[in-house]
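In the two assemblies presented below, chain A is common to both, partnered first by chain B and then by chain C.
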Partner chain A sequence: MGLTCQSSGKGVLREDFLSYETKSDYIVALAGNPNTGKSTVFNALTGLKQHTGNWPGKTVTQALGNYRHGQKLITLVDLPGTYSLLANSPEEQVARDFICFAEPDATVVVVDSTCLERNLNLVLQVLEITPKTIVCLNLIDEARRKKLRIDVEMLAIKLGVPVIPTAARSKEGLGFLKDTINRVASDAIQLNPLRLKYEDRLEVAISKLAGELEPLLPERINKRWIALRLLDGDYTVIDGIQKFLEKKIVVEGFAS
Partner chain B sequence: MEAKDSEFTLSRLRVGERGVVTSLHAQGIIRRRMLDLGLVPGTVVESVRRSPAGDPTAYNIRGAIIALRAEEGCKVYVELL
Partner chain C sequence: MTQVTQITDLNEVVRKAAEYRETQDESVRDRIVSNIYNEAETLASSVVSHLERRVDWDRKIDNIVTSRILGYPLMLALLGAVFWVTLSGANVPTDMLANFFFGLEEHLSALFFQFGAPDWLHGLVVLGTYRALAWVVSVMLPPMAIFFPIFTLLEDLGYLPRVAFNLDRAFKRVGAHGKQALTMSMGFGCNAAGVIAARIIDSPRERMIAILTNNFVPCNGRFPAIIAISMIFLAGGVISVYGTILAAAMVVALILIGISVTLLVSWLLSKTLLRGEPSTFTLELPPYRKPQIIPVIVRSLFDRTLFVLTRAVIVAAPAGALTWIFANIYIGDLSVIGYVAGWLDPFARAIGLDGIIVLAFILGLPANEIVVPIMVMSYLAAGSMLEFDSLLAFRQLLLSQNWTMLTALNFMIFSLLHFPCGTTLLTIRKETGSLKWTVLAATIPTIVAVLVCFIIAQGARLTGLV
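== the complex of A and B ==
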């Protein structure tokens, strides 16, 4: 596959993703499957300082809120609740465009501790885009009630990012979560995110394509992930590049 | 007796019956959506409820109750447990 690129500007700033002007130190995204307690975490952290609007150009609701922690002002962005980032519903596009192109300083994935298996799919998808990820093991009180034992330390080692047990409704663990957000956002923690390895011929294609993308896209953008999307035949990622980076990528042999 | 096992799909499970996913006969976004719902080979799925109209059907997939239409369910090949 051959790629060419025309640039028409320096692209959208991450503030342009937000429906409300903020002057915060860190922008942090909150992702998660539906019903994992994402809103409860959001409300507990931001209290009454919230703003709702729409995602630019979409009829999907955006909730923003600020809080202070350790001398920093943090803007928390509540992403739509989704099982995936890859199936291209408007909600999933909003969530993944934000994580990929707005590059939050940290992304918290809220998961249901009683249903980990189902929730880790989204965690892996987020890790594939950004290493600056924190897993919030919410509903840990429910897991205890059901006598589920989760080896939190082992999970953190395997995923290579912090894993924080919380019970957001009773505010358990939220102080630790806020500390960890600041540490990840300020690069104070060494992250070693689990990276899915695909079969050899796919890895060869990914490297080749990512190499071609390298000079075409800003340094901050994850080319491996863009290459994966293109190889999956998901050309909506090209729309994202055009829209948010104001670069026009042309894939030879594909009319966009 | 049921028809040939390899031809058996999710949409043919009766309420209360369980099957283990063997393969997906779908491509592209629909396949992606099914994988994201947890429908990968080896997953045990139980049919839990059918809407009065007969479609969609609610399934227990890895701890979440998810409704699938017959046209989706018939793309998921299962082995009856």
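== the complex of A and C ==
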């Protein structure tokens, strides 16, 4: 059937979710809870001056910025700050659709080191969608000041994706973060993302639906996650799929 | 394969999912969410350790600054302190700048006469454009250079969400959204930004209330005018502790009036045009963070102070020239400005202002920053020459135009409550996508401003205060 990513060209597809044509080598999504310093990370990486402020809900629109690292041009997409990806609000839907359907080469989840538990909820949900995730343990200076010790290696092992401690305001750890982004985007790191296990009867239903979705959706789309969303009764995900498929089919028809 | 079969197949899967959901006795969503939360909790507790038991200062501070009893008084005290610092700090540099510009004006004039420039050119360039610019810079720059960095520091520290927390109950009570406290805070910077920020409110009804009432807090463009007038009138243009405290108290009182009007109009709207129940939300109180002092100062100087000043200068220069021209073109024995102002005068007097002030507000529609420059230009052109070298001189100018305490008060009130600037109106048009609401966003504040000023003016006159 030939409905693969290669045949449609990533750039065209992404444009639909990005409304922005890009010539960059990698597209990287920046997700995170509100008020974790996401905008500060964004500004520090791209050198842009998006207004930052210490309150939740600062970033209401999607921002884009470019930077160069290791001879690659990277486009960074600052997604709206959200506490979850369960599509409770338009912001959550925007963030979720982008991570799932725009197929970013890597997704960086910025978390606040001083309240890790609340922030890990989002990390776990991102991992359900894409393995190509990097956890940016931001405000690590704040955590140190509060005498919190975080076992970074252990966290990385348990999550199965890179965890980079940063203090974006003082640029600490940003070089390492950039390196890691490039390595994840170029598939140079073995990723083994933590998979949430649901109770048996839900798991059975998930595998069954995922199996049925398998021939209907392109290879790179995560069917397990789509199945889970449908079982959750979240049909907004269908909008995303349809947008995705229409684009693909149009491109396919044009090519042949 | 075709698109049709694919979509049909997809619908089939959706149907199966729905079927499964029907067989479940408890919510699938709840199970999924609790699974995620449990996992996050286990993970976090296995990697995070506290090196020492420490006092939770954030919590302790929050218990005080958001307490029912101390919350509001502390907010007022802080606000008062900020304005007192601004006013007492701005006095000296303002006088110095005014002195400097006046000195320069003499040289400029001398230069013009030396080259035998005609009177009209000297008038247009020096008395019109240059003076308008000099006034804008010397009166607006010092308060802005002090106020904006302090405000940005408070923002960075994390105090604003606490303000929102305190005000949340008040906004709920009037049927609006608690987050409106945040969009209102943004309005203190720029009303157009406050209108855009209203996107964080999900309910369209409550978002509209937030948009329509954002204008009732003074923005960057209006703060300098309000601060300047209270500095000139209440502090008497001279440096005295008593005077600056009085002036600072006046600015705080104005802000309180602005917030009260915001609440009142929100209440009226939610009882009439935008009826409905307030929705609940969780407001996260972010941790207090040590502000990065140097970057904050640099950023607020460049992004806010210079931005506002540049905008003011760009608009004030042509406005100054234009005002001078209109003030010097005569129809009969009245200048164009005198003519229009005279026509507006009866109405203006009724609300405690004068024709020139109202004209300045109308001409100031593109940017609130130019209201005062236009007003001063018109007064200057109306004849009375004065030495322009200190705040005292500005006070003399206003007094010579029959300004009273009532004029000063109503000027500030009108500035606080009147129609939004052109940029804000365009933003409202874009955000609401409706001309009707945009017109309303201009009409409501105007009616409120006229009404309040009228009541104050008539009240003062009836009681014989003026």
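The rule is short, and it goes like this: the second predicted complex is superposed on the first by the 218 of 256 C-alpha atoms of A that agree within 3 Å, B and C clash if a C-alpha of one lies under 4 Å from a C-alpha of the other, contacts with A are read in each partner's own complex, and residues count from 1 in each chain.
To be clear about the criterion, contacts are C-beta pairs under 8 Å (C-beta built on N, C-alpha and C of every residue); 3 or more make two chains touch, one makes a residue touch a chain.
These numbers come from a predicted model, not from an experiment.
> Looking at the overlay, does A:121 come into contact with chain B only (first), chain C only (second), both, or neither?
both
> Answer with first, second, both or neither: which of chain B and chain C does A:202 touch in the superposed model?
A:202 sits against chain C, while chain B stays out of touch.
> First (chain B), second (chain C), both or neither: which does A:212 touch?
second
> Once the two complexes are aligned on chain A, which partner has more residues of chain A within touching range, chain B or chain C?
C
> Check the residue A:221 against both partner chains and state whether it touches chain B (first), chain C (second), both, or neither.
Neither: A:221 stays clear of chain B and chain C.
> I'd like to know which partner A:233 touches here: chain B for first, chain C for second, both or neither.
It touches chain B and chain C both.
> Tell me the contact category for A:241 with respect to chain B and chain C: first, second, both or neither.
Only chain C is touched by A:241; chain B is not.
> Which partner does A:158 contact after superposing on A: first (chain B), second (chain C), both, neither?
A:158 contacts chain C only, not chain B.
> With the two structures laid over each other on chain A, which partner does A:142 touch: chain B (first), chain C (second), both, or neither?
After superposing on A, A:142 lies in contact with chain C but is clear of chain B.
> On chain A, what residues does chain B touch that chain C touches as well?
The overlap between the chain B and chain C interfaces on chain A comprises residues 84, 86, 114-115, 117-118, 121, 233.
> Which of the residues in chain A come into contact with chain B in the complex?
Contact set of chain A toward chain B: 83-84, 86-88, 114-115, 117-118, 121, 233.
> Name, in rising order, each residue of chain B that touches chain A in their complex.
Interface residues on chain B, with respect to chain A: 28-29, 32-33, 36-38, 62-64.
> Provide the residue numbers of chain A that touch chain C in the complex, in ascending order.
Interface residues on chain A, with respect to chain C: 1, 34-35, 49, 51, 53-57, 60-61, 84, 86, 89-90, 112, 114-118, 120-121, 123-125, 142, 146-152, 154-155, 158-159, 169, 194, 196-199, 202, 205, 208-209, 212-213, 215-216, 227-228, 230-233, 235, 238, 241-242, 245-246, 249.
> Report the residues of chain C in contact with chain A in the complex, numbered from low to high.
Per the stated touch rule, the residues are 1, 3, 6-7, 9-10, 12-14, 16-18, 20-21, 28-29, 31-33, 35-37, 39-41, 43-52, 54, 155-158, 160-161, 164, 179, 182, 196-197, 199-200, 202, 283-284, 286-287, 289, 292, 303.
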